[in-house]
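In what follows, a single structure is set out as structure tokens and then discussed.
Naming follows writing order (A, B, C and D), and every chain is counted from residue 1.
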Amino acid sequence: MCSSCCERKKHRQEAEYQDLLKRLNRIEGQVRGVKKMLEEDRYCVDILTQVSAINSALNSFNKVLLAEHIKSCVVDDIRAGKEEAVDELCATLQKLMK
Amino acid sequence: MCSSCCERKKHRQEAEYQDLLKRLNRIEGQVRGVKKMLEEDRYCVDILTQVSAINSALNSFNKVLLAEHIKSCVVDDIRAGKEEAVDELCATLQKLMK
Amino acid sequence: MCSSCCERKKHRQEAEYQDLLKRLNRIEGQVRGVKKMLEEDRYCVDILTQVSAINSALNSFNKVLLAEHIKSCVVDDIRAGKEEAVDELCATLQKLMK
Amino acid sequence: MCSSCCERKKHRQEAEYQDLLKRLNRIEGQVRGVKKMLEEDRYCVDILTQVSAINSALNSFNKVLLAEHIKSCVVDDIRAGKEEAVDELCATLQKLMK
């Protein structure tokens, strides 16, 4: 499944793909919702709260994607002796934990 | 400008409104970009990095909106003797600092 | 109470002071606890979890201190017409929301 | 080196151990510094800034420890066919990315 990782591609299983896509569609809807709030002169605190909710949703998306990445790409690469996968993972985590 | 705060409305100045809207349009484009990456079977690490960038953009949006909220709504309310504005600000910050 | 703010001093009420000091003593104990875990060759995951707990405790400390700062220093300064208090608050929040 | 992981122990190399310990000693000193600031009635904003710096230092500590954990424990476990190491890593990351 992850031989394609090296070409920076990854074919995801249908269930995983649909779950990720559904999350992004919901997030896109939330962003459009905030635009509408802005157009309707909505109160700052309500917008701040809604933007925080989008951040949480994006964070959840990244947690799911990261777990699937580790369980497939990283594990396969380590078993195949590709040491650079570990460095890449560590570099990615440094960015996500900022 | 902020008498309307109490009705949970806030009319923003044109420059502020346009800046916030431009930020949201860019963020909406970034979310659509991630959906496209997913459809194109893009590598997990590239998607994780892009989602992190959206999180940063939303965070910047909230910082700008919060500063404008404090400088207009909160200051006006405090001057008008509306103590509840302070409690509301503190409650909002607790949520944003989670 | 906050006339002293301008000299970058703030006398805190006894209950507030004791609460903040108790939190810091507990945090100092937690840091020493992690040093001990390190000396005892404890497993990485256990140490990571414990350090996360210290970060949460520091975050809670900052939330309490920030709320008290706003309710006393900032409100007093705004009422006294010191506009720079608002800019300082906004600058502080930008740093805390990074 | 990591057979001891299963017993929830991990013997670290001297250089790694000394680096981690030095970081914790510095952090302990920073916490004591904040206690002193509190005792000296220091201004809220100065304390908030200093506590933020401790949070960053703890975050850096965790990044270093996590990278070393992955490069030794996790990689060794995956090579030894211990699948549970991957689940544990994912669970740990979920907590760190909250």
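Criterion: a contact is a pair of C-beta atoms (placed from the backbone, for glycine too) under 8 Å apart; a residue touches a chain by one contact, two chains touch by 3 or more.
Values in this document were obtained by computation on a predicted structure and should not be read as measured data.
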Exercise for the section: Compute the distance, rounded to whole Å, between the mean C-alpha positions of chain C and chain D. Expected result: 20
Fill in the blank from the handout: In whole angstrom, the CA-centroid distance of chain B from chain D equals 31
Problem - Approximate Å spacing (C-alpha centroids) for the pair chain A, chain D - result: 24
Practice task
Give me the residues of chain B that touch two or more other chains.
Solution key: 59, 62, 66, 96
Practice task
Specify the contact topology among the chains shown, as one of line, ring, star, complete or other.
Solution key: ring
Completion exercise
In contact, pair by pair, are chains A-B, A-D, B-C, C-D
Problem - Residues of chain D touching chain C in the complex - result: 4-5, 8-12, 17, 20-21, 24-25, 27-28, 31-32, 34-35, 38-39, 41-49, 51-52, 54-55, 58-59, 61-62, 65-66, 68-69, 73, 88, 92, 95-96
Problem - Residues on chain A engaged by chain D in the complex (per definition of touch) - result: 59, 62-63, 66-67, 70-71, 75, 78-79, 86, 89-90, 93-94, 96-97
